[in-house]
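I am attaching a structure below and will ask some questions about it afterwards.
We call the chains A, B and C, going by the order they appear; numbering starts again at 1 in every chain.
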Amino acid sequence: MSDRLTAIAAGSRLPNTAWIRASSVYIAFAGLVLLDLIVTPGFRNPAVIRSLLFESAPLILIALGQSLAIGTRGIDLSVGSVMALSSAVIGITIGMGQGTSIALGIGAGLSCGIVNGLLIAVLRIDPLISSLSLLVAARGLAQALLGGARVDLPFNGPISWLGGATVSVVPVTAVIALVAAFLFAFVVKRTTLGHYAIFAGASRTAAFLAGQPVRATLAFVYGLSGLLAGVAGLFATARLGAADPNYIGVQFELDAIAAAVIGGTPLSGGRISTVGTIFGVLLLEVLDASFIMNNISSTYAQMLKAAFIVGALYMQRAGA
Amino acid sequence: MLLETRSLGKDFGAVAALRDVTFSLSPGEVHGLMGENGAGKSTLIKLLTGFHQPTAGEILLDGKPISFDSPRAAQAAGIAAVYQEINLIPERSVADNIFLGREPRKFSAFTDKARMLRESAAILARYGLSIDPRQPLRSLGLGLQQMVSIARVVSLGARVVIMDEPTSALAGAEVDVLYGVVEQLRREGHGIVYVSHRLSECYRLCDRLTVLRDGRVVESAATGDLSRARLVTAMLGREGAAPADAREAVARAITREALPALSVKGLSWRTRVRDVSFSLQQGEILGLAGLLGAGRTETMKAIYGAEVAEKGEVKVGDRRLRRPRPSESIRRGLAFLSEDRRSEGIFPRLSVRSNLTASVLPRISRFGIVSRRSQNALVAVYVRELGIKTAGPNALISELSGGNQQKVLIARALCTDPNVVMLDDPTRGIDVGAKAEVHRTIRALAMNGLGVVLTSSEVEEVMELSDRLIVLNEGAVAGELATAGREPDDVLAILAAAEAPAV
Amino acid sequence: MSAAKDLAPAKRRGFDRARVVGLIQARGAILVLAVAMIAAGLTFRDFLHGGNLADIVAAASFLGLVAIGQTFVIIMGGFDLSVGSLVSVGTVLAAYAAPYGWGAALVVPTAAGVAVGLIDGALIARTRMAPFIVTLAALLALKGAAVALAGESMVIAKPGFFGVIANGNLLGVSNLILILPVAFAIGALVLNRTPFGAAIFAIGGNEDAARMLGIRVERVKVMTYCVSGGLAGLSGALLAAHLSSGISAAGNGYELQSIAAVVIGGVLLTGGVGTMLGALAGVLLLGLINNVINQIGSLSAAYQGLASGAFLLLAVIIQAGLSRSRRS
């Protein structure tokens, strides 16, 4: 056919554009940081960096879970609400001791993930629909548990420590998140489970015919996403110093999805980029910080950010 | 003459899909269009319905040359096609579906439901279909749904109706209803192009038959003048030169041991696999032969567990496959290679290494961690053994040629250390050199004691490779023969003699 | 001809089962609503009082308008998350426009909603981006816009008709209760009796087939999102009248509530199936639950979210189960 022609054309075209698109998140990040260093007052202040990293920690975790789900050609819209649920559980069980309530909070996240995974793998519900329903249910449950009100957490103990502790300029939660990212990358690249997830995203039929445990893989993927959301909820709660169902995890879903996709994990599945996801998170956080520090009111900031995300996703789409 | 094509040709780049096709259709004529996969039938249909434009020749409607720049133009001119897949909306009512897109209006803004129902009922009655137009489409059997498609097409003013494999999913009484509709269409003066590979049907319904092969017309005659044998020969034909790998007239002594490598009894799946039974010895190559749509792929998939058979028993060696599932089959030593490499075989975007070791990850990993070294070792082994031309294990599978991709898939199956390998058209779409290598590989497998089940879109190929052939016709076993000393004509004879199986 | 008749008895078994399933999907919510009403009436003494029932209907009218739009979009195979912020923006725009007359106060928010729907629809239909991403981004962007526009809460005077809608009384019962039945009746008419409605069902049922059958898929998609946006804007305008002010957080949660209501009402999230009556039942059911939660003093209003979430989850699971049994 015109196969040969296409191949030649592709061969000459491919290296250039693919390289640019694959590194686009790094280029954008570097560019933005550069811009901020020049333009934004006070950007070099270590306090800014610290604050930025505190905000990034929970987002890194859920973005990782999201990239895994997206890698299987699925999606998890429930992560923000699961964060809120985890926070709520911590809030109401705080009396049982902080260690216990932390465990219960994370456990709540894991449970949501498992429910999601079962709905998707066993009942064959579309991940979009399943996670959307969980989004509503989990936040509702979080609201109900806390009576819609904020519950302040004690000033001492591990939770409060998590909310403020740093290793020089890097918060402990960010360190944990980065360690988690490292482990995540390892799982994705080197373990059978990680491979199965990528296979399932690349071609679910081929994976099935090749004898792979597709359904078990999906259940695991969404379970893990829920677990990560649970931990993210803990981090956000610790940072806030309170369990607040109206505030924790709100609108985190879009950020997580955007970070993953902009970072090079296409919505069509089959490829997961852990490093890209992390930079996607950092890019979004720096974007937020840029708006705040340049005194762009949060409302315009939100509009700009939404436009940016749509634009970036559109460009990824056009290539992927 | 209602519809005519003169020396119609279509090229896709350097590939000539259709060449010098001259074809004609009169009002009230049912003209059968036949041919195997890749013969050019669907290209011809796409040209007639405006999906593509011809690169040579012309189409004439009512004796006047005409060209369509879009499917809509073809529809407007009165040419419409009805396909196997019901391209309608199952949840909507029959009347809704018939009038979708051009509903009769009341007060110019609202749909005139009463008129819709009335006119739908009238059309349906005209074709002898007692269907309540208010029913949702999905409540009808597939056969009746197809009738609704036809009713829609006719109500839109189609004068030429092209039917693509209309009875492939029908059973029993539904087929008779379709025949009735075709008769009515004929009486009303429509021209019908009837695409099918069910010989008995074509002989019953069609006035003329045209056979395509490799994009050309090889036979075109009145039905009465064309014997079944000649028809089947025309469809399957003979290739020019046999591949350099001459047929090794190896009369291999296949001892019929008590325990066959694979035993299939009474396998049934929907209407596509009907009570199929056979057994396969170790070291034997068994070919499944038959026309397109005979059920070869479906049979293999049912055995493998990719489709869940409703009835039947499959045994690999002495172990019965209880829960039909690919992972189970692999575990028991049964491997399968799909004919659809692109969507059911390779993992696009992934590396050769990933593709090759996709079925054996648990065996090459410890504590859940995949051993990259073992993977690379496996790749090296099969690259050498099968002659896979690739830049390395890291290369993307999409960079490999079709033939080499197929070798990777064969390697994937072999990694699982199977006792039986089922290959569905393994040489489809690969070049001659790679084809020869695949043949060598298949023979080597049998030499090593594996049982091989094989199909091919070319009868010569399956005869050349197989020790024994099972001939399938419309899902049922029509005959069996040992290939030693036989000619493809013998297979054709079995096919020609086969009756449509009783339902 | 007799051959066709032969087919009928053979199909009877499977036919009935599919029919029953279809009936449950379409009418199940109404049944649940009826049962819930009876249960609530038995439990709470004042529940079945006319005034209380009227309150439920009136309070549900704002969500109801949004749910009508959501029904259109979901049946078409997408969904619209931007409506929550559109309602908020609607209230604010209505407050700004009120001084120019009640006409402006109704038209401006609706037009804004249509405009947003146009952008959403164009992005979704032309660029094939996922509806949830586009409308989610719109939700967030508009949330910011609502806050930016609103500044402080604004109190508005109620000129003429506006005041009648908002606080007028007909036979001792708020005028608002007229909105739901009228709006749903119009919605049902458009959905079931116009070519536009037929096209929406077709696209949701089998988009490729719809395209092949000659339906202008892109155009219909854009129009549907315009309808959804416009209704959300209109709902905001009426809400502003009712609250006598434009509030930037007025519509929070409407997007999820409308989806929940509609899904509970039997509209399949996979598209192609649904009825206005079911959607109405879903809206009223949610309204009933909220009312009940309010009646039980001990449960805080926070339980409303949980209740709708739990019902949604249940509805999704039941829908999946029903679809599977129908397929097999």
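By our rule, contacts are C-beta pairs under 8 Å (C-beta built on N, C-alpha and C of every residue); 3 or more make two chains touch, one makes a residue touch a chain.
A quick note: this is a predicted structure, and the numbers were derived from the prediction, not measured.
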item	value
Between chain B and chain C, the fewest steps along chains that touch one another	1
Inter-chain pair with the most contacting C-beta pairs	A-C
For chain A paired with chain B, centre-to-centre distance based on mean C-alpha positions, whole Å	44
Intercentroid distance (Cα basis), chain C paired with chain A, Å	30
Per-residue multi-chain contacts in chain C, two or more chains	none
Chain A-touching residues of chain C, taken from the complex the two chains share	123, 127-130, 132-134, 136-138, 140-148, 256, 259-260, 269-270, 300-310, 312-313, 316-317, 320-321, 324
Contact set on chain B toward chain A in their complex	12-15, 304, 306, 326-327, 329-331, 336, 338, 343-350, 354, 358-359, 361-362, 365, 368-370, 372, 412, 416
Residue ranges of chain C touching chain B (in the complex, touch as defined)	1, 3-8, 10-11, 15, 18-19, 22, 189, 193-195, 198-199, 201-202, 205-206, 208-210, 212-215, 272-273
Residue ranges of chain A in contact with chain C within the complex	75, 77, 119, 123-126, 128-130, 132-141, 143-144, 146-149, 245, 251, 253-254, 257, 267, 297-303, 305-307, 309-310, 313-314, 317
Residue ranges of chain A touching chain B (in the complex, touch as defined)	1-3, 5, 190-193, 195-196, 198-199, 202-203, 205-213, 270-271
